[in-house]
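Below are two complexes that have chain A in common, paired first with chain B and then with chain C.
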Partner chain A sequence: MEMTDPAAERFAQSMLAELPLVEAPESVWRGIEARLDAGERPRPAPVFRWPRWAFAIAAIFAIVAAIFWRASQRGWIDTGHSSQTIAIGQIGTVTIAPGTRLRVVADRPEEHRLALQHGEIHARITAPPRLFFVDTASGTAIDLGCEYTLTADDRGAGELHVTRGWVAFVWQGRESLTPAGAMVRTRPVSGPGIPYFEDASSELKRAVDGRLDVNAALGAARPRDTLTLWHLLQRVSDTDRAPVYDRIATLAPLPASIDREKVLRLDPEALKLLKEELAWTW
Partner chain B sequence: MTNHPVQVTTEILAACRTGDRDAFRSLYDTYKDRVYSIALYFFHGDRAAAGDASQQVFLKLLTQIGQFRGDAEFSTWLYRMVVNTCVDMTRRRKRTTDLSDTLPAPARQHEEIEQRQVVDAVQAAVAELPEKFRIAVLLRHFDDLSYEEMAAILNCSAGTVASRLSRGHRMLAVRLKKFQERWK
Partner chain C sequence: MMRSILAFLAFAAFANAQAFSFRIGAPVASQDFQFKSAAFVFRTEGCAGVEKLKITAAAVGRVNGERRSMDLHVAASSSHPGVFAVAQQWPQEGNWVVSLKGECGDKIAGAIVPLNRQGFIRESAKFFSRAAKDSEIDAALKDLAKKEEPK
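Right, the complex of A and B next:
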């Protein structure tokens, strides 16, 4: 006889109770100790026990302070022929590639903001989301706890490649959410394009990068490419939206809690729920 | 699971930030079994993967502890690292589990064998759950977290947490149906 849902849940919980807590073997701690002995330490460390570290950190701060002083004096950082690395408060670093021009717009605990005029930066940020921003002529990259490379030319055309975490790229209400392993192109006037995974097929990339070809995108999409289709939902006409949703539902069976009609109406809450369901595979 | 970990004090966290090895060991001892167990069952009983994940979590924790803001629960912050580490490792590694290094350990007595069978069946059923349900079920089981805490850890809404737990439990019930009589 079939159990009712509450009974099934109670039964599952009682079976889970059989699953014992397993003691971590001592080898785990030995491995950690070995790494600690090899030099891994908390950062930033307010108390320095090792003079060499203290010296190195003091030297880095001096360089960073000099860069910021120069930036504040002249407004802009031009890297010329060499790259530079600057600290972003205590939340990370940005490596600025040669030939890059950028400006520090804000450097406060609640907001760190750069303006990239042209060139390339590589950001490594470890902080709660939405503390680090990079403005370009085609929109703003908003860190959601991540590592990424952003390029831009003077007109604002560029690319965002994310290697860890998530980055939101926004322009006049249009937002592209790009997770690790994915990229998005940005264009002046139209802002961020539709993101896709770097390992997506060339057909899919062509279908969303150039003149939008919805049918080609739907045909080339894999389950992981629901990232692209989720964005596509919000960029196509009302008539094209239903086929996009149906393709998503084929690639990733959706729970009953996802309301198709609300998604098709672009209800923000329904889109968010859909994203949460799909994002697990992104 | 009902036994809650000892509260990690601000003094221990402050000492960890200065690199105090004893303080870190104390923090490690508080959470090590929970972190290891979640990773172990997440990785289908693969002890090597669980050990690897646990090491990564605690080393990440130590190197990033300076960025921990006291405005979040420490356990929420820690479990978020556990989830991210498990998911990242799953993406990186191919599923080549060495059977010689997985649970179960041998049991000899009849009762032990029977009990072992139940544990193995539950473990296998958990391992078959899709990732997002598996991690939700394990977090809830090993540290009775609230839906709100789990939502913060899993970066989703409390409603989604409730839905994942409910669906995960129902999937487990189907997979463990043969033990239904014994349960009654």
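Right, the complex of A and C next:
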């Protein structure tokens, strides 16, 4: 550091003059001379150097990470303030409402799949069933030939309203079948709720939408509400199941081919036969 | 005495035999995705042997006061024998009912199914053990017009 202040320089020099002069020990000088004679050069302080192959690997890793990140961002659709309609192969269209984020997961003739992160879509599908799927955090909507509106928030809570045909909504083995004129709520922890017709009484809707009230649901059900009661069969305890079945049988007289005991045991084939019979009242 | 008993038993057997009739439902009842856009679907009951079945359907309506009718194509389900569908083949304007007639051997069944923009009106449908009469069809159209009048 260059001292530009003359007064400071004079001060420093006066301090130096006051310091005693001490010679280095003889052994220090002998050591230095010996090393100079041996041709040893002063070794600089060690510096860590990355090998070249490490740089190459880091570069490759960065490129691969960038590719994966880009791939993960590809296919996302964010509609912002406007709506957008996309074609689903040759089988239909999906209108995406403003404020919706979704991704095209698969676009093959044998499978068309979207992932709805949040927002609302309206699907119109003309294909055979089980070709079009929409995943949400609370389950998957499986098109069975239909037109419907599906909403979801980031947690997966939402609603499915079916206007034509019917839709299956599945989550971890739990399934709801929702025909035209009906709706079902979806929840992130428990998947699809119990569907009901949109013209069902408010008592019935309250009985199945929130904390399940079996007696209230049975009391409020019309013949058409056997849709709701059929789903209720599979959601109640063994002790509650018989009253549900008996109420169904009162609202929609059943043929002898429907085996009550098998239905109460939740035999899959018996439940399927019961559903097919009750569907004539939906 | 024996003849009385036999007559009673014959009558009982006759009475217990299921009557030939129609049952109508929403498209979901067909379990057939091809029918998802149908106006309604139907099946017959009490007809042993689908091969004996003969179905005809006609749409009858009033458009601007004028009575109109047209024969309808009835689609049979390939996956569920005995299930049929009627797609809308009549215009949107006016009030319309569909008259179904079924023949199963010597048994006949009829039905009148009123429709509006939301679909078939289940609670207004009428069923007969014969073909529906023109007067019954006209009465159904009149009822429908009253219900569909703007309030």
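Note that the second predicted complex is superposed on the first by the 209 of 282 C-alpha atoms of A that agree within 3 Å, B and C clash if a C-alpha of one lies under 4 Å from a C-alpha of the other, contacts with A are read in each partner's own complex, and residues count from 1 in each chain.
The definition used in the following text is that contacts are C-beta pairs under 8 Å (C-beta built on N, C-alpha and C of every residue); 3 or more make two chains touch, one makes a residue touch a chain.
For clarity, every value in this text was computed on a predicted model and none was experimentally measured.
Visitor: Quick one: chain B or chain C, who's touching more of chain A?
Guide: B
Visitor: Could you say whether A:Ala221 touches chain B, chain C, both of them, or neither, answering first, second, both or neither?
Guide: neither
Visitor: With both complexes overlaid on chain A, does A:Ser257 touch chain B (first), chain C (second), both or neither?
Guide: First partner only, chain B.
Visitor: Applying the document's definition of touch, where does A:Gln90 land relative to chain B and chain C: first, second, both, or neither?
Guide: After superposing on A, A:Gln90 lies in contact with chain B but is clear of chain C.
Visitor: In the overlay, answer first, second, both or neither for which of chain B and chain C A:Cys146 touches.
Guide: A:Cys146: touches chain C, not chain B.
Visitor: Determine, under the contact definition given at the top, whether A:Trp280 touches first (chain B), second (chain C), both, or neither.
Guide: A:Trp280: touches chain B and chain C.
Visitor: Scan A:Pro128 for contacts with chain B and chain C and give back first, second, both or neither.
Guide: Once the two structures are laid over each other on A, A:Pro128 reaches both partners.
Visitor: Where does A:Pro179 make contact in the superposed view: on chain B (first), on chain C (second), on both, or on neither?
Guide: A:Pro179: touches chain C, not chain B.
Visitor: After the superposition on A, what does A:Ile248 contact: first (chain B), second (chain C), both or neither?
Guide: After superposing on A, A:Ile248 lies clear of both chain B and chain C.
Visitor: Intersection of chain A residues contacting chain B with those contacting chain C?
Guide: Shared contact residues on chain A: 128, 276, 280.
Visitor: List the residues on chain A that touch chain C in their complex, please.
Guide: Residue list for chain A touching chain C: 128-129, 144-146, 164-166, 179-181, 276, 279-282.
Visitor: Once bound in the complex, which stretches of chain C touch chain A?
Guide: Chain C reaches chain A through residues 23-29, 31, 33-34, 36-37, 43.
Visitor: In the complex of these two chains, what residues of chain A are touching chain B?
Guide: 3, 5, 8-9, 11-16, 18-25, 27-29, 31-32, 35-36, 40-47, 49, 90-91, 126-128, 255, 257, 272-273, 276-277, 280
Visitor: With touch defined as at the start, can you tell me which chain B residues reach chain A in the complex?
Guide: 1, 16-19, 21, 24-25, 28, 32-37, 40-41, 47, 51, 54-55, 58-59, 62-67, 69, 103, 115, 118-119, 122-123, 125-126, 130-132, 137, 141-142, 156-157, 159-160, 163, 166-170, 172-174, 176, 179-180, 183
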